[in-house]
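Shared between the two complexes below is chain A, which has chain B as its partner in the first and chain C in the second.
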Partner chain A sequence: MLRHPASARQRETLLPYLLLSPGLLLLLGMLYPFFLGVYYSLTNYYLQYPHLFRFIWLRNYLKLLEDPLFSHSLKFTLSYAFVAVVVQVGLGLAVAVLLNSRIIGRGVIRGMMLMPLMMPPVITALMWKIMMASTKAGILNYLLSFLGLGPVNWLGAMNSAIVSIFIIDTWGNLPFVSLILLGGLQSLPTEPYEAARVDGASGWGVFRYITLPLLKPFIILAATFRVMDSLRIFDVIYAATVGGPADATMNLHMRAFFYAFQWYQMGMGMAYAMVLLILVFLASYILMGYWKRAAEQTSL
Partner chain B sequence: MTTFPFGLTFCRWVRRLLLAAAVVALVAWTVFPFFWILLTSLKQPLDVIATPPKVFFQPTLQNYQAIFIGQKRGLYASARPDFPNFFLNSIIISCGAVGLSFLAGIPASYALARYSFRFKEQLAFLFLSFRFAPFITFLIPLYILFQQLNLYNTYTGLILAYQLISLPFTVWMLRSFFMEIPPEVEDAAKIDGCSWWGVLTKVILPLSVPGIAVTIILGFMFCWNAFNYPLMLAGRQTFPVTVGAIQFISYEQVLWGQMAAASLVAVVPQLILSLFVQKYIVRGLTMGAIR
Partner chain C sequence: MKQRMRTSWWMITVAFLILGGWVCWAAVEAIAAESDLAYFRQAKINWRQFEGQKLTIGLNKHPYTESLLPLIPEFEALTGIKVEYLILPENEYFAKLIADLSNQRGEFTAIMTGPMRNWTYASPGWILPLDQFLNDPKLTDKAWYKPEDFFPGLIGANRWNGKIGGGTGEGPLWSIPIMCESYILAYRKDLFDKYKIKVPTTYEEMAEAARLVKKNAGIDGIMARGTPNTPTIATGYISGTKSYTDGKWAEVDENMVARLADPRVVKFTQIWIDMLRESGPANWANMTWYDGMETFTAGQAGMYPDCDFFAQTYEDPQKSKVAGKVGYALLPPGPGGRTYSGLWTWALGMSKATKNKEAAWLFIQWATSQRTLLNATVEFRNYNPTRVSVMNDPRTQKVLGSWGNGAYVKTVQENLKTARVAWVPNPERGRLGDIWARALHEIYFKRLSAEDAMKRADQEINKIFKDIGLQK
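For the complex of A and B:
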């Protein structure tokens, strides 16, 4: 069958859009609530008083600046993400190096590391919640007592609750970081190492000046995913502490949830959500830029 | 110089010991929570709160019985437990979400993998950006919309909401698998007179069966893990297991044993399915960025 060349070409240009159309339809279905949410953040939408509904421009955002709850949540969100990512990437690197060395049962351990990774974060939090019982009946406190350390009120006191959230989060996500970095370690070229051996470099020198620079794109990629996920951590906090005690673990995500679904101030909740969204996108934009540059440098 | 076993020098001997200690610590850290939740799920209520914690006790299956069949409370026959429904809900919603994502995602990812057109990268990035958006930005407007559209507490509504999880994943994952197929294979089929439909169904899809299987399984697992959307958009009739598991915490009491049993049952599909996709989990979690 002969086709008219012009119409065939036109079909080629339209075809990708045609193929994309069901996906785009769903995408629009997801973008609509998003823009609706942006609009709500500019209103004083109270779920219980719909007749008071008014467009109030940026007043929600101006209110945020004076809200002590906001500055507290913002500080906690940023500092948690920073500390969590630095520690988790550091530990993840150590675990990756460990799994990359010659040890017995490496494959089994690697497979085992996948188990926490695929757990629903809520269930992970519930598992740890059982172990973190505040009295001596809690297994963690029992184990600590062998080291002569007193019972810790894990999820019940302000500082320890933050640490507990961090422990739960790390248990679930350390494998993610270490498996990315392990994949990176295993993909490194061998030539620089041979050259270093000829030059008589020390083990630490090789790691510091050869392995780390070559691993940089992988480190940045793992950090990018962790930064974004720890900025918006929700499931673990909800199941473990619900933001408490005394707001100690109340990050922006939890606070937005409280405003919207406990106090029914949908407009204010959306304003919190938008601030969080902007933070996440700024962080991802910066880190993705770093990643691209690092990937180009190491030509990966 | 002193000799040490296996003819190692002192320094290397210490290093081996440290390495072994690190491995043991890593294994204990990873496995112990599973071990402890298994023990807890087999304990009677009094054994759960015993001081010091009991490792040896009379195991009982009553927690599992309680979440699946129900238990007698005093004289009253117990109500039928919700947990089997939660489990079924998880299966229905996850399968529905993955199915819908596939219908829309296969042609979309094929277009993004093979054709060049305007706004291609921007569109692809738009799909990706849903992976990083905080849930609450969608949850608040969806909650209001679903109340108005009568989609609140329905499977349809939840399946649509879960698209935020499964569609971006499906598109990026399939795209990365489609891009691995050399274009020459396609060109050959085109020369033989295949239309794009023929190329897709006779060449691309059969060649990427393993990739599609991986994408289905991982997509299902990610939907299974979802917690935020069902927490606010589902009711007791449509709760999945993730929300169901926290129902054992109430103001009056925490049913630790039953919660442990429910948590374990809730992750059984994850543990089984992850055996099949071991090599691809990191790739899936990074949306195909790491092969």
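For the complex of A and C:
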């Protein structure tokens, strides 16, 4: 029997699926590990005790609540992300405004700003760890000694370790925030500024009532990226403090790593990771809602 | 014209000399390589029986690995087996290894492991006992390989009968040692002499010596690992607990119930932590073994109770400011007068899932043979040797004997008489160590008393062991 060639109508019906197939494959590639993670978080899965494996519903999540470090790491994760985002976006805005003005060497500074972005976070952390040595051999303490200050016990004491992680993280990510906001500043329309100049508005007034509102979508976008990254910060903490001293820098991601890859208790590790995922999802969902509204307002 | 001809002759002569030199050098190299190969061909096995197969070796970034890599072409020439390898930093290496072993993918044919690691890998059957290969005359010429040449304690450390809570030195051989470390006290002899400080023979004296070094020399009196994970426990500190209790105390009892809150251990821990708080580095809580070694090598610390083989860095004038100024002594003993140092050997083992098992064994046999281990030590500084013959080789003795004017060799040999794997065999050793290290942080930062911190650690460990079913 002869096969009939597919009719033009059939081909038309199939074409969208054909065109979509790479995207669908990609989606499948993303969703499969996600659902596997959800599944493992509901099991008693230890890598080295396969005989213990069974489905235990939400028992891992209940165990989380018993874990003395869960509430601590949750608090640290949230408060770190909040402070990091507020300060880094604030500083990033200041740097972006500075780089948008006519200062000498602006091009060179903009080029140099890219350098921290090129470095893997682990290398950044190890580099800073050397500079933050608690003795005068550490370059930061050496520099502080000229001002009659220090030596500071950067990574060896509980409070200073949190600040040090924040400094390392900010050094690595501030340029990213600044570049997003600088791009935003350069894309703003010139008409409102010209009208403000005609009306004799002050520099602060222009910034407060024109620049900031127009820049709002960019600020929210930068904040969204930073919230997501700060909630799941790992490399810097692992390389610089391993979550110490005395758990001072222990966050949810570190805890998930310890469970899954140090103690091979994958079920609990995945439960920690799922809590973190929910936090990241919620934070980015709320912020993207703000972003959408701000984008609509500024385009009106 | 004459001048030009003379120049040409000169050039030709020089070219011949260079070529001749190169040929001679290549010939000497070839003869040396052939002489090494001839040594291996004395073994009554067919080294080429698996010619054409391919091996992938999983290696940790370690001085041993540096010593092995230049020797691998010799194995390829000897066997016709192609060797590929993957080298990763320690944490990444173990994470990759566990993924490979647990999924039984068999990506790594031979692996770098060691006694405490074997407890985790052997329980679920991820690695193979090596006795079957060692006892197969088709694969091993035992008379040539001389397994009895290994220090018995080191081979024993790599045997385990699978019994949780005991059984080391018995049962299958899971891996063959390639380097070993025990834990001794390295101290600044020049400063101790200058300020008339006594080399400590008790932990109270150690704290006093640290205080005096800090007061007189203005540097850290004592150095120790301090990150909140197992390595902080695993060397000087655990050896101290075992010595302080005359080797009669273990971190878990026969029923796998944690006993960190034992009064003697609490007391020792208090001395140790007080000493570090008073005379140790300000950032102790952040110190890795490497930071400690670097600080001591830079002349910024008075004592470092840690790995013996760090001496090769201390005594290297190109890297060290303290070369020739370091003394070596046993860690202070307990009331019974004996030191019980911990012990670790890096060793080569085999994944059960590997396809080319026999070829992998030939590799392990070659890598742990007398000649290869001797070359690794003499030519590429792989310390400490695991074979008696390598340790006693005059070239090894010359290098080791020069450290601390002979004190190094004397101390290590004395230490190895009582050194043993410090931990009680169990697959949760890593987690136990992590919890223990966090307890030390609680004490150091005065969040809990030593007794309360250890009691809390015991509770946490017991709960986990119960959940997993390790407790009887």
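In this section, the second predicted complex is superposed on the first by the 277 of 300 C-alpha atoms of A that agree within 3 Å, B and C clash if a C-alpha of one lies under 4 Å from a C-alpha of the other, contacts with A are read in each partner's own complex, and residues count from 1 in each chain.
By definition in this document, a contact is a pair of C-beta atoms (placed from the backbone, for glycine too) under 8 Å apart; a residue touches a chain by one contact, two chains touch by 3 or more.
All values reported here derive from a predicted model rather than from experimental measurement.
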Ask   = Once chain A from each complex is brought into register, does chain C clash with chain B or fit beside it?
value = clash
Task = Give the label of whichever partner, chain B or chain C, reaches more residues of chain A.
result = B
Task = With the two complexes superposed on chain A, say which partner A:158 touches: chain B (first), chain C (second), both, or neither.
result = second
Request  = Classify the contacts of A:46 with the two partner chains as first (chain B alone), second (chain C alone), both, or neither.
outcome  = second
Ask   = After superposition on the shared chain, which partner residues are touched by A:264: those of chain B (first), chain C (second), both, or neither?
value = second
Message = In the overlaid three-chain picture, which partner chain does A:95 touch, first (chain B) or second (chain C), both, or neither?
response = first
Message = Once chain A of both complexes is superposed, is A:103 in touch with chain B (first), chain C (second), both, or neither?
response = first
Request  = Pick one for A:246: touches chain B only (first), chain C only (second), both, or neither.
outcome  = second
Message = With both complexes overlaid on chain A, does A:134 touch chain B (first), chain C (second), both or neither?
response = second
Query = With the two structures laid over each other on chain A, which partner does A:278 touch: chain B (first), chain C (second), both, or neither?
reply = neither
Ask   = Which residues would you name on chain A as touching chain B in one complex and chain C in the other?
value = 47, 133, 135, 137, 261
Remark   = Counting only contacts in the complex, chain C reaches chain A at residues 95, 98, 102, 120-121, 123-124, 226-229, 281-286, 295, 298, 300, 427-428, 430-431, 434, 438, 441-442, 444-445, 447, 460, 468-469
In the complex, chain A residues that touch chain B = 12-13, 15-17, 19-20, 22-27, 29-30, 33-34, 36-37, 40, 45, 47, 95, 98, 101, 103-104, 109, 111-124, 126-128, 130-131, 133, 135-139, 142, 171, 175-176, 179-180, 183, 218, 221, 225, 228, 231-232, 234-235, 238-239, 253, 256-257, 260-261, 266, 269-270, 272-274, 276-277, 280-281, 284
Key: chain C partner contacts - residues on chain A that touch it in the complex   = 46-50, 52, 68, 129, 133-135, 137, 151, 153-158, 161, 240-247, 258, 261-264
Task = Report the residues of chain B in contact with chain A in the complex, numbered from low to high.
result = 19-20, 22-23, 26-27, 29-31, 33-34, 36-37, 40, 48-53, 100-101, 103-105, 107-112, 115, 117, 120, 123, 126-127, 129-130, 132-145, 160, 163-164, 167, 171, 196, 221, 224-228, 231-232, 241-243, 245-246, 256, 259-260, 263, 266-267, 270-271, 273-274, 278, 281-282, 285-286, 289-290
